[in-house]
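Heads up, the next two complexes both have chain A, just with different partners, chain B and then chain C.
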Partner chain A sequence: MRTFPILFTAEFKRFWTIGMIVFSIAIIAVGLIPSVVMVQSGMVTTLSKLIVSADSFLSFFTFLIFSAGIVGADVTSGWLRTLLIRSITREQYVITKILVVFASTLIVYAVGILIAAIVLMSDPKLTFTIDLSLSAMIMLLKCCQALLLIILSTLVSCLVQGSFNSFFVYGWMVVGQLINFLVMRKYWDLKWAVVLKDYLFPNGFEDAQQSLLSDMAFPYAELLWGCAALTIFFAATLFAMNRVVVDVGSE
Partner chain B sequence: MNQRRNQEIKIFAVIGIVCAIAAAIIEYYPTTTSMQWVPYESAFQRAKTENKLVYLDVYAEWCGPCKMMDKTTYTNHVVTSSLQNNFIATRVNIDDERAGAEVKKKFNIVAMPTSLLLTSEQLEVRRKVGYMDVEKFIDWIVDTTVSEFMVWDDFATALANAKRVNKSLFVLVLHDSLKVFELQRSFQTPVVKQIIKDRFIPTILFDINPNHRKIIQQYSLLPFLDFIGCIYTFSPSMELRQTLPLRNDDAQRIEGMVQQLTSESGKRN
Partner chain C sequence: MSAIAAINLSKTYKQLFKPPVEALHNVSFSINEGEMVGLIGPNGAGKSTLMRLLLGFLPSDSGEVTLFNEHPESLHARSQIGYQADTQFRAKNVTVKSFLLLHARLIGIERPEEHIEQLLKTFELFDAYKRPLASLSKGMRQKLELVLAFLGSPKLVFLDEPTAALDPPSVFVLRDFLAEKKKTGITVLFSSHHLTEVESICDRIIFISDGTVVDDSPMKNIGPGHLEQLFRKNLGMKGTMS
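== the complex of A and B ==
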């Protein structure tokens, strides 16, 4: 039971290299500019919308870099072998890796939003309101979506070595969005196309956010789709992790 | 050790499958509403008899926002009683081979759900594309401030009146029905209303209406490329006086355009 905190601390320290700290500061600085501009131009007037706009700029690069080679890089470098020789199981390792990337993403995200909110609230000319309950709900859904993306990235990383995994997940996501756009513009009346487009990428938590922000009914179905994707892909990740070939002798 | 690992995987997989099944049931389980929909085939005839507008809901069984409107909006008693008492409420499933195809073509449906308010002559009064919750729906349905074109006579009556009172005929031809709502607002400003009342007998023709299209072809009021419509003025003897094409963003400039019509008409006289 004591293995988790020790492993988490070790992996967390390993993760936050000087390069990663510099990168995160740069991402927060660059990512905040569009959000602040959007608030100043009146496009974003509430905290919930600020979270959404900040996420679109911050999470893109954060997730892409943070989860690159999450497992694959450790297999190549021999770090995974070093860990598994000790009394650490594959599940403990993979869960810790997911949690480290998730916690790091949250830190960058929270710092970014906090700075943006302070900057914007200190300007008395701007009309910026804090809708706490909706913001909390949106933030929770953003966290769930981030966790899902990290799990997907980990799953791919168990299957391929190196840092290709996060690019693969992004490619999958972008292709899904392009097809979604095409269907909505051109084939909106094709039943199979409209139904199929919802299953191209696990977007349940994102869809739930959209429903909440557009004042639609409470998105039970979307939330359940999100939870289904989260647990099924997590199971698949555990399964894939157990099949990662590492020469550890008597593991 | 391996058995325990497999058991954990199975537990997560089962939870995921249960969630997916529950989501599918919520999403695809057919919903029932208390709304009494009039069959599309008889809706316009009933609208004529009862002198009401037709509310047309274009939907599909597989359209998420349509199902959400069924669950939330069309189950609200204020919405249902408003629709049933004040309108002839009808709906068409886009998958319906006959009515669906007809509605899609006739009313230029480009997304779902589409809510339309139509006259008994099948002229579009107002359109809303997308989901509306109860509050938005009630705001939309009770907004009677933009029914300007409804009080205009049909073409034949307007022509007869123009001849009778010796006024110019003002014909607004629309090729893009999506702009009707915006245009109606522009035509409702006091200046535009006064000018039209004083100088013209107005009428409107929609390109999507087959009867109107015959008149459009008869008088060669054909569409200009990249324009949403056109304003024509005719003398009571149907001589063409002025032609003013309407661009996509001309709804905000209607007042100036109508004033231009009267000044040119003044010069001519």
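== the complex of A and C ==
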């Protein structure tokens, strides 16, 4: 069990390069502007809605950059080979990598939302309320969705070398949303299309957030879909990790 | 006990839009504990592929590998081996010190700093202890790979072209180091194109050509200075020893 903390600490330090710190500060700063503007214009009046609006910008860039080449880059550079030669299993490695990216994403989320909340609460003219229980639930679902995206990105990274894995996942997500939009607008009378559109991309946690924010019934089905996707893709990632050719050499 | 046992190993690389390349075909051999074995053969013979199969880094199409009678990916077997690859790794944001300390802690070495210091001094790399990995020259990275391979005094070490980027003094250091290690009963599988090194270090030769073992002889049967002749004979090359 001592392997995990040692490996996590080393990978976490390796992850946070100066470039990554500068990028994160820039993303938080730029990401805060639209959120603050939305609160000041009265479009966002609660903490839960602030979390959603801040996340739409923060998650896009943090996920895209943080999980790029999460496994593939280590295979190409030979780093993975040095780790696996002794005392580390492939499962330990891939779980540690997922946790490092997840923890780093959470840090950026938390810092961004905390700064935004402090800035907004210090302005007495604004009507901004803190709905703690709903905010906590939304934040939890955001974390689950972030974890799912990181796992998907890791799975793709196990299959292809290089750093284009997160772009691939984003492409998949965008295509899924486009087809979803098309089905809802033009082909809503096709029953099979309406059923299938929900399975194009594992969006259970996002859908659950929408249900909660719209004061609809508690989203059991969406949560179940999200949890099922998380489990299946995590298992697929472990399976794919065990088939990664670690030492890409000259022959 | 055998340190390495390979039974009928075969590997074919399948490529899109290209004919498959058979890298190894029914390779079988066994290496006992304490042996220093030279793996020689021409370029593309399958030496590096064989090493990767033995380490479990590459899945074989058929056949079986055991290291100390265990599966090569079992943690217990892995804790006893070291590996220096023929390709060098790169890493950002890591110093030589943090890299070696990480590995020493993962292996569970007590008082890692002393052990690392000793190995770095042996391979004349101590001056680079606090330098970032990215700033090391090719030869220095090769030495670092060697330090990593011998970190924690493993019982079995795979060396794939260990002298490829080393200058002559470093080659002499490695040769002396291996001679010292030989006395401790370490098992080494040593792949090289430098026949004089193989002759001076190894006590057995496995010759691979076109993915098959064409010769497996003790060094004493070959005789000093006759490795080149053996090489030429196995490849059907004409000419005499230089």
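A few remarks follow.
Going forward, the second predicted complex is superposed on the first by the 246 of 251 C-alpha atoms of A that agree within 3 Å, B and C clash if a C-alpha of one lies under 4 Å from a C-alpha of the other, contacts with A are read in each partner's own complex, and residues count from 1 in each chain.
Here, a contact is a pair of C-beta atoms (placed from the backbone, for glycine too) under 8 Å apart; a residue touches a chain by one contact, two chains touch by 3 or more.
Quantities reported herein were computed from a predicted structural model and do not represent experimental measurements.
In the superposition on chain A, A:13 contacts chain C only, with no contact to chain B.
Of the two partner chains, chain B is the only one that A:194 touches; chain C does not reach it. Contacts of A:246 after superposition: chain C is touched, whereas chain B is not reached. Once the two complexes are overlaid on the shared chain, A:3 sits against chain C while remaining clear of chain B. Contact with neither chain B nor chain C is seen for A:137 once the two complexes are overlaid on the shared chain. When the two structures are aligned on the shared chain, A:227 is found in touch with chain B, with no touch to chain C. Counting contacts as defined above, chain A residues 89 meet chain B in one complex and chain C in the other.
Taken in their complex, chain A has these residues touching chain B: 89-91, 184, 188-189, 191, 194-195, 198, 204, 214-217, 220-222, 224-225, 227-235, 238-239, 242. For chain C in complex with chain A, the touching residues are 23, 44, 46-49, 52, 55, 57-59, 73, 75, 78-79, 81-83, 85-94, 98, 102-103, 105-108, 148, 152, 154, 160. The touching residues of chain B, counted against chain A in their complex, run 1-2, 5, 8-10, 12-13, 15-17, 19-20, 22-23, 26-27, 60, 62-65, 68, 71-72, 94-95, 104, 110-112, 131, 133, 136. Touching chain C in their complex are the following residues of chain A: 2-3, 6-7, 10, 13-14, 16-17, 77-79, 81-89, 243, 245-251.
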